[in-house]
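We call the chains A, B and C, going by the order they appear; numbering starts again at 1 in every chain.
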Amino acid sequence: MAGEVTISARNVVKAFGQGAGAVRALDDVSVDIRQGEFFTLLGPSGCGKTTLLRLIAGFEMPTEGTILLDGTDISTLPPNRRPVNTVFQSYALFPHLTVAQNIAFGLEMLGKPGAEVKARTAAMLALVKLEAMATRKTSQLSGGQQQRVALARALAPQPKVLLLDEPLSALDLKLRKEMQIELKRLQLETGITFIFVTHDQEEALTMSDRIAVMSAGKIQQVGTAKEIYIHPKNRFVASFIGETNFLTGTAEAGALRLATGDRIDVPGMTPGGTVTVCVRPEQLRLGPAEDGAIKARVRTLVYFGTDTHCHLALSDGTEIVARLQSPASGDAGLAEGQEVGVTFAPGAVQRVED
Amino acid sequence: MSPAEDAVRQRSDRNGWLLVTPALVVLALAAILPLLVMLVYSFLAPGDFGNVEWEFSTDGWTSILFQRDIFDGTLSLADAHLTIFWRSLWLSTVTTLLAFVIGFPTAWFIATRPVQQRPIWLFLVTLPFWTNLLIRTFAILEVIRSEGLINSALMGLGVIEEPIQMLYTDGAVLVGMAYVYLPLMVLPLYAAIDRFDMRMLEAAYDLYASRWQALRRIVLPIVKPGIVAGSILVFVPSLGAYVTPRVLGGGKNMMIGNFIELQFGQGRNWPLGAALSMTLLIIVTIALLFYVRAANRPRADHG
Amino acid sequence: MAERFAINRLPGFTTIAVLAFLALYIPIITLVFFSFNAGKTVMGWDGFSLQWYAVAWGNVAVQEAAWRSVVIAFWATLIATTVATMAALGTTRRRPFRGQTAVYVAINQPLMVPEIVTAVALLIVFAWVKVQSGYQGLGYLILAHAAFCIPFAYLPIRARLEGMDLSLETAAADLYATPWQTFRRVTLPLLAPGIVAGAMLAFITSLDDVVITEFVKSAGQDTLPTYMLGQLRRGVTPEVNAISTALLGLTVVILTAFFLLTRERR
C-alpha cells in the first residue's frame, strides 16, 4: 500500500499581489507524496512551505498548476470539501467550546450520527491521553495539552492526509522532544499520510520518511534524511542541513585540484571547469603533514563537550572546520598554530551544484 | 491570476458590498441624502409660513452675513448675525482651552495611577460622557442657578446677601460646555500619555531639565497627536452645540445651533437655516480634515 | 529621610485632577440628591421622600414618553445592531474592496456632522414625506435613531472582530463546516460579546437623544428627553430630577455591564 501517490502537486505556481509587485511564493513546484508516509517540507521562513501546505488544505488556490488527491484534481475545491485536515501552528482551538466539543466539531459538520461522534471523540481523547480533560475549556489547558487537542481534532474525521504547520514551534525543548515521539507514534497507529512543515532540520531528520527541502519558492531536493544529508544536491541543501565545508577547484579525471595545488580524490569526476564539493566536518581526519594530505594550520580549537571543533586554514587562506570526537582527557592533542595534514573519509566528498 | 483565484476574489468583494449595503441604505435615508436635500433648499426662496418656494435664490447664503435694507435694497453687514458667529467661535475656542487646562492634568493623573486602578478612573471619566447630555446640563443648572447650590452655599455662609446671576450668561454656557465635553478631552489625552515612555522623563531630568522644562520640551511635543484629537473632539461639538446654550444661555445668548433652529421656528426662513447649517458643516469638515492630516502625519515613533 | 524623587509627578496636577473629578460628579450627585428631597426646591433639605418619583410615575405624559423612548430605542437598536454587524463583517479581515474608505466615512458620518445640522436636514425631508405619504407614526424617529446609532454599534463589533483569530474560521472550514456553519458555530458565538456591547451603546445613545428627536417628532411624540426639555419653562422641577435620576440609573447599569463585558477578553 505504501508507494501509491496520495497528494501530487503538478507545476504549482502561487503568486501574491499583482503586476510588478507580485511575489511568487511557489515557483513551479512539482512533488508526489506517497500513501502513509511521514513527509516533511523543510526550509527557512519565506521559502513557500506553508503556502504549499495551505494550497493542499484549500485555504489558497494555485495561480497555475494543479493539486491532485488520489488522482483527482482538487485545486479549486473549498477546504470543507477536502478529506484533508490541518493542525494549525497557533492550534486555532475554538475558545467557546470544550475539549470534547472541539474534537467532535469536524464529525458533526460531516453529519455523522450522534453515537458515532461520541464514540470517535472518546477514542480520540484516549488516543491523545486526554480523557480527564474532556469537559474543560481549551484555555484551561497547558501548551502541550492544547497541542494534543489540536491533533485529536484534526485526526477525528479520519482524513486521508493530515497537514501539520510547524505544530511544535510554540513548545519548549523538552516538550517538543516528547511530542516528536508522540507524533511519530500517532502516525504509525493511524497509518494516515502526514505532511509536516518545519524550519527545524533536526526535527525533519529525526521524524520524516522523506523530506523536501525548499528555498525561494522551489523544491531543492526530495529524499530520505540520509540521502539529503549524505548526498546534498546543491550548495543550499548542503549548508541548510547540518554544517559543511565547501571546497572549490578545477575538475580532473577522478579528482579535484584545489587552488593550493592539493589534489582530492573524487570518484567519477570528469575533467573540465570549476567544481564545488562539500565535506561534512565529522568526515575530516587530521594527521601529520605528509604527502597525500592537504596541508593546513590550526587556527582555533573550540571545546563542545562531546566534540572539539578545530578551525583550520589552508595555505591559500580557505577556512575549513573539522569536528573531532573529544578523547577521555578532553585534550585533542592539537595546539593552535600547529601544522597538520587533512584527509577525508572514503566517500565523504560530494560534488554539489551551485 | 487563475480563474479560480479571480472568482474567490470577486466573491469576497461582492460579499463585502452586500454586507455593508443595509447599513448604507439606513445611513443614506436618514443621514446623507437629507444633507443633499438641505443643500438644495439653501438655494430656494423662503415660504411665507415656513417651508420654501420652489424658485432659485441665493438670498439664503447672502443673508448669512448681510442684510438687505427694506427701503433701498442695499446690502449691509448683519451685525446680529456676526455677533452670533463671533460668540460661537469664541465660546468654542475658550471651551477647548478650558477643557485642555483641566483635562491634561486629569489624563496625566489617570495615566500615572497603578495599572490595576486605571480602568476605574477611566470608568469614572466615561460614565458622565455616556450620561444624557440634557441631564448633565440640568445638573449644572442646579448648581449655578439663583436658588442653586453655589448661591445657597454662599448665602448660607453669609458671603453674599443677594444671589449672583450666573445663569443665562456667556459664562454659564462656557462652564456648561466645558463640563459636558471634558471627557472628550481626557480620553484621547489619556491614550497618548499612556503610550508615553516615562523613561524619557528620567532622561530629561538626568540632562538637567526642570519639571516645567521637561513638560514643555519633552512631554507636550510627544503627546501632541492626543492634544489635537482632544481639541477637535471638544471644539467640533461645541461649535454645533444646541442644548447647552439653550438651557444655560436662555434665549439671548444664542450660538449658531440655536440660530439655525430659530430659522425653522419663528424666523420662518428655511433657506437661511439650510445655508447656515451648510456653513456649520463646512467649518466642521475643515476642522476634521485638519485633524486627519495631523493624525496621519508620520512622526518619529518610539515604540 | 529624603522623599524619593517622583519621576512622573508634575506640580499641581494631582490637585487639578481631583478637583476635575469632584466637578464632574458634584452636579450629578446634587441632582440625584435633591430628587429624594421632600421639599420643592434645592434651597434646603426637607427630609427624604420618594414623592417626586411617585408624581413622575403617576404622570400620564411621563409614562407615555418613557414608553415611547423605550419603543424607539428598542427598534433603533435592533436595526442599527443588525446592519452594523453585517457592515463590520463586510469591512474587516478581508482584502479591502474598492470604495471601502468611503464606506467608513459614511458609517462614521453621524459622529462627525453636528446633530443640529442632521436634525434640520431631517426636518426638511420628513416634513415633505409626511405631507406626501400622510404617515405620521414613530417610523421617522426610529429610522433617524437607527442611523445615528450605527457607528456606536459598529465600533465595538469591529474591534471584537479584529481581535479575533482568523485561523479559527479557517480551522472550521478545514473541519468540513460550510461557510454558513462556520458563521453560525464559530464566528457568531465568538462575536456575541461585541454585538451585545454594540447594542448597549446603541440603546443608550438612542435613549439619550434630544436634538434630532426634537426636530423629527410629530406633535404628541415626546420622548423622555424632549419631555424634560419641554418642562424647562417651569424651571427644573423635582419631578424632572426624579426622571433624570431614573435615566441615570439605567445608564449606569447598562454601562457597567458594557465594561464588564468588554474587559473580560483582556
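Some observations on this one:
Here, a residue touches a chain if its C-beta (ideal position, glycine included) is under 8 Å from a C-beta of that chain, and two chains touch if they have at least 3 such contacts.
This structure is a prediction, so every number in the text was calculated from the model and none was measured.
Arrangement of the chains shown, judged by which pairs touch: all-to-all, with no pair of chains left without contact.
Among all pairs of chains, B-C has the largest number of C-beta pairs in contact. Chain centres here are Cα averages; for subunit A and subunit C they lie 56 Å apart. If each chain is reduced to the centroid of its CA atoms, subunit A and subunit B end up 60 Å from each other.
Computed centre separation for the pair subunit B/subunit C is 18 angstrom, with centres defined by C-alpha atoms.
Interface of subunit C with subunit A (complex): residues 165, 167-168, 170-179, 181-182, 185-186, 189-190.
Taken in their complex, subunit A has these residues touching subunit B: 15, 18, 61-64, 75-76.
Residues 5, 7-21, 23-28, 30-31, 34, 41-44, 79-80, 82-84, 86-87, 89-91, 94-95, 97-98, 100, 103, 106-107, 109-110, 112-125, 127, 143-144, 146-148, 150, 154, 201, 204, 207-208, 210-211, 215, 225, 228-229, 232, 235-236, 240-241, 244, 247-248, 251-252, 255, 259, 263 of subunit C are the ones touching subunit B in the complex. Within the complex formed with subunit C, the residues of subunit B that make contact are 9, 12-13, 15-20, 22-35, 37-38, 41, 51, 102-103, 105-106, 108-110, 112, 119, 123-128, 130-136, 138-143, 145, 147-149, 152, 179, 182-183, 198, 201-202, 205, 211, 215, 236-237, 239-240, 242-243, 246-247, 256-257, 260-261, 264, 270, 273-274, 277, 280-281, 284-285, 288.
Taken in their complex, subunit A has these residues touching subunit C: 57-59, 78-81, 84-86, 88, 90, 92, 94-96, 105-106, 109-110, 153-154, 157.
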